[in-house]
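What follows is subunit A paired twice: with subunit B in the first complex and subunit C in the second.
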Partner chain A sequence: MNSIKELLKKREITLILLVIILTAAVNMRAPGFVAGENISRIINDTSILIMVAIGQFFVILTGGIDLSVGSIIAFSGMSASMINQYNPSMPVIYVLLIGTVVGLLLGSINGLLVAFGKVPPIIATLGTMSIYRGFTFVLSKGQWVTAHEMTESYMNLPKGNFLGMSNLIWSALLISALMIYFSRYTRSGREIYAIGGNKTAARFVGVSEKKVNMIIFSISGALCGIAGVMWTSRYAAAVNETATGFELMTVAACVLGGVNIAGGAGAIPGVIVGALFLGIINNALPVVNFSPFYQMLIQGVIVLSAMFINTMMDKRKEKQLLNRRSL
Partner chain B sequence: METNKTLANESRLVDENKGLKNKIISIITRWEGMLALIIIGMVIVFSNITPYFLDYFNLMNATFTFMEKAILALPMIFVILSGDIDISVAAIIALSSFAMGFGSSLGLGTAEIIIIGILVGGLAGAFNGLFIIKFGIPPIAVTLASLSLFRGISQAILEDQAFTEYPESFSYFGQGYIKGTLIPFELVFFLILAAGFAYVLHKTTYGRKLYAIGNSSTAARFSGVPVDRIRFTNFVLNGLFAGVVAVLLTSRIGSTRPNIAQGWELEAITLVVLGGVSITGGKGNIVGVILSIFLIGYLKFGMGLINMSAKVMIITTGFLLILAVLLPVMMDAIKKGNKLRFQRKT
Partner chain C sequence: MSEKILELQSITKYFPGIKALDGINLNIKEGEVHALIGENGAGKSTLVKILTGVYTPTSGKIIYNGEELSFKNAIEAQETGITAIHQEASMFPELSVVENIYMGHHLKKNGSLDWKGMRARTRELLHKMEIDLHPDTPVKNLGVAQRHMVEIAKALSIDAKVVIMDEPTSALTLREVEELYKIVRQLKKENKAIIFISHKFEEIQEICDYFTVLRDGKYIGEGVVADTSIDQIVNMMVGRSLDQMFPKAVVNIGETVLEVNGLSKAGSFKDISFQLKRGEILGFFGLVGAGRSEVMRAVFGIDKFDGGSIFLNGIPVDIANPKTAMQKGVAFVPEDRQSQGVILEQSLTRNITLPIIDKISRFGKVSSKVERETTAKFGRMMEIKAAGWHVNAETLSGGNQQKVVLAKWLATEPEILILDEPTKGIDVGTKAAVHEFISEMASKGLAVIMVSSELPEILGMSDRVIVMHEGKKTREFTRAEANSDVIIKAATGHNEETKG
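Now for the complex of A and B:
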């Protein structure tokens, strides 16, 4: 009994239970929601969110925020699609690589601004959000790259099957595993936690804040780069408005997954479950006859309530600690 | 004796000259001085490129395009000065414009619509304040979430429709001129508001307390400043004035769509930060912000005159925002470097 209670206290477990309950409830209203095809579509849709949310997770972990993710996705997706359009003979894997590098570069510009320019993350990324979006328009001259201008192999990039799962899901899995390893078992990963927990203390034990800032924004950018290529190839269109407002989705996934928005606490498995939760809700809305126009409203409500519950739980923990100390 | 006296006089003269030179240098290198210089440069450049720039009628009418954002920036000074941030203001405009459109569709008159718009804005601001101050959640997180809540309400109900029916007298606030002149009502309204905000910020204890909170909220609290109450008031003010802006904007364009005022939070914050208000709080004044309002406003007007695309303007705004924060840091670093070199020499 006690072990169950302990288990329930774990954020990820509660969330997974919530996800199962939610799916079951939707399935009651609309049988067929849990059918294999639909589930794989939901996970496919969510894979992109998972990748980008992991990048956002590292930034939030240090107490910062990356508002430019949507614009980086748009820019790298657009540049990859245009490369594919004008060089159809180039192997798709190179296009993916170029897209990733473009994202990495844009992210490291954010990192430079924050680390060496001492610009607060919110201002730096608020600025680059509109700069990168603007340059997406400049790059594309306002045009779209549509399905018939892309090569078959480019559009098949996320769809390709391997052991029954799509490449998109595989890449999300691979990135998650890599990033979990990075955050738990490498020196740099632990340094990110250290900076988020207590900047001054971290500095005193020799953690370089500059290095950490460069790392987190570069990771976030590179993951956005991959996501941009996947996004444009999956939906077979590169438009200038790709992923507008996506920054909120990624922050939402983190907050739902129990990441402390002020930094220092949280883990990637939570973020993944948080992203899945959002993905299921977004897919369930039309199934239960909600107009898609409700998506923004519902997201706002979910994030606010999740933040509210998080802080209330933290406060209760604090009180318990204080009580124990006074004994 | 005589020679001594003349020597002293001469040295005083030299000192005075030096003083004047230093004074000029210190005025120019001050943030507001630089902004003023940039404005002068901009006017010279644009008036040489196009004859339509320095035209009384054009200059007056151009203010229509940026007075609403300017009013949004005024309460934002208070918020940023005390170390907070609010990125939900544009969404509050959408919400309160929606409320006004709804009221109008029920047949309410101009006065009622305006009251509804401003009240809804204030309530939305209080909602933000509640989450930020009572529950202690960082303002950036709260306003990022409430942004999608506020605009989401408007989007969920309006979908792809729009409110376009407003009473005739309602159109004055956003489109009207002061009687018998070419001066827009919005411009005069902004100037009156700016005077009010300047008074509160620089002449009242409330203003001083804002600086105290921005410099160190802990120290301010220990000195008896009601930190929580003031921060809460700031967010309510921000919401109220977003409501006021919603009145002006809705009145000017005569319709309400869910995507109204999209991206304006970025522009309001840019105006404040470019005006020399430190993003970490505690530093800045209203003169700088007013200068930056007219600088950006007329810069965009001029760029529009010479056919630059809207996208270039968005990029420019982003650059200006980052530069505004980056420049003081770099200037500080240069100053420090000079001092170090000076110390090493002596």
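Now for the complex of A and C:
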């Protein structure tokens, strides 16, 4: 009688199967795609998406959305790079910490707007998306921080190598594990699910919506902060346009991973697989000689298809429920 | 007069696994007000949905004006002349009265909308119904009663022959009810057939000519209202003695645990005082909008109040939010379990342990073992029928979802249990089980407040009854003093008698 659970599990498994089939297909046309180096590059590329999508996941879980993630990445990435530029002696780990705190602060401003200003998340973050991007330009005076202005150790931050995996992959893994634990086994994690599943019922048992909003936007901001530092160091450049449009990628990863856009349902493993799926698509297109012009188009088609599949699965589930309620 | 206009012959409706209607017969005549009587879950709503084309019957015949009918959708039913006025009026609040009346069947002239004609026709209709309303008023500015009138006007505008009124008076004040009766009589004069759904007997006796009783989806019987006593109807409706429905145990009532003094909230309730004792079931009766739920929400810290004080075990307390209330041993089971109590897409375990997540956590981690044990303990106590504790709440029937909500609150191990309409919308069997459970909890020393709009439930279960009307406490009765007559009078604002 575990059919519901199986169904939920199935969608992650289906997605993994799809990822494998896709990879195999691409590999047939372009042998070498699956070669260790390339795969690790893809996972490396996707690690940042995974981190930020997990933050987005918490916001979507409550029925909200965070449109400011790209701008937070840009601002915290720019701040970190400039700190590195002007204080080359500061240990990179401190720079990473500062970048994270900057992201956390920007995220908590979103939280304040939503929790206390009563601004709907989509509007609040639409506003801060522009504001934070504006901050970035003001801070940098429109200038870039380029590779030769960064220290070697800063640029090596995401690289490293421990047990065959880069620091970037390790940090994505660590964040995933921590966040899965947080969402499943802590009071706050449960409260986020509760608010998303049924606001009124949650309020009746004393869950504070304000607190939950502060938590989710702060988490999303902090993860963007880490992502910002990783982004600028990995690409050895801090530009003002960093991560433009990235918010839509993170939403897409969540939708693909089976997170209910209306809130209340979804889980991090799905989001991770969803992000990996998008990462592979993006990397595979150039390999199979698809014009990069098609990239956005295909991504859009995938997100819409995922949505249709969700709706169909929901309908099937409803039918099964009707049958089972008779028990 | 009295031509037969609508006839249902052994209508049966299956939903997957459930027989919602089983051989229903119904004969409706022109110019007749026909009461459709039955408890919640008796099948009235399903029957209305069949009559209005929302559902298709599995078997049976609908004969209308001598012809057999089968509607494919709601619009077809409306075009035939059968229309329903719903409990919660389905209106467009931002649009005007005219726009609401003609939504879906706009009058046209030369290919464009004929607003002039529609406005004139609306004025005519409202005049005929003797309602003083401007056709251009936005519906959001109207009161509940006026909205009802607009719905009725809408039914008339499409020249309905059969008008179904689904508990039309449940949200009306006494004066508004009188106005509704006037319109019903007017409709009757125009030879319309009216199906009047209600479970208020005074109302049925006042306005209805004929009745049909349903119970558990079955046709039980019919008769002329004037020739039938209330007792006879109750017997048909409930099908069992009241003792079985309300297994009230004799309990030793203990000391006062909750005292509320002069509680007021502007616009909701005023100067409410009462005491609640250990082992007692205190019934709160009143019409919809009397302010009972609002008082309870204030006591539980969901809403703020302006004045008055609350004492728990003799100590004054400041309950600022539900969390404090829970810590102080108060539990509140809200009225609408789907929207206020259960999180459908989450497991029973998560639902039941949500209020006590602090208690079952150690160093910030929820203990899975304690969580499972707690769920199993309270789930079994409530006899929840489910495939397991890991299944989502949405897989359960309405009655079992209600039990999940109760289990959730019991898990907080409260001293005071506030139940708002504990059996609304659940079937008769589960109802009896919930009553038995409430009685058992009280006998174990729990103090229970039961807010209910069902008079038999109030009379059957309460040790004491407090009656509210328009935000004020009108009377307080002991179990011995309480009977339906005096309670209804107090609830409708007659013989107001303030008690200290």
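The rule is simple: the second predicted complex is superposed on the first by the 313 of 327 C-alpha atoms of A that agree within 3 Å, B and C clash if a C-alpha of one lies under 4 Å from a C-alpha of the other, contacts with A are read in each partner's own complex, and residues count from 1 in each chain.
Definition applied: contacts are C-beta pairs under 8 Å (C-beta built on N, C-alpha and C of every residue); 3 or more make two chains touch, one makes a residue touch a chain.
Remember, it's a predicted structure, so these values are computed and weren't measured experimentally.
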Contacts of A:186 with subunit B and subunit C, given as first, second, both or neither: second
Touching partner for A:113 - first (subunit B), second (subunit C), both, neither: first
Partner touching more residues of subunit A, whether subunit B or subunit C: B
Where subunit A meets both subunit C and subunit B, residue numbers: none
Subunit B partner contacts - residues on subunit A that touch it in the complex: 65, 113, 117-120, 122-124, 126-131, 133-135, 137-138, 142, 245, 247-248, 251-252, 255, 261-262, 291, 293-301, 303-304, 307-308, 311-312
Residue numbers on subunit A that touch subunit C, as the complex places them: 1-2, 4-5, 184-187, 190-191, 193-194, 197-198, 200-208, 260, 264-265, 319, 321-327
Contact set on subunit B toward subunit A in their complex: 85, 87, 131, 135-138, 140-142, 144-153, 155-156, 159-160, 263, 266, 269, 273, 279-280, 309, 311-312, 314-315, 317-319, 321-322, 325-326, 329-330
Touch list for subunit C against partner subunit A, complex: 15-18, 302, 321-323, 325-326, 332, 334, 339-346, 350, 354-355, 357-358, 361, 364-366, 368, 385-388, 390-392, 394-397, 408
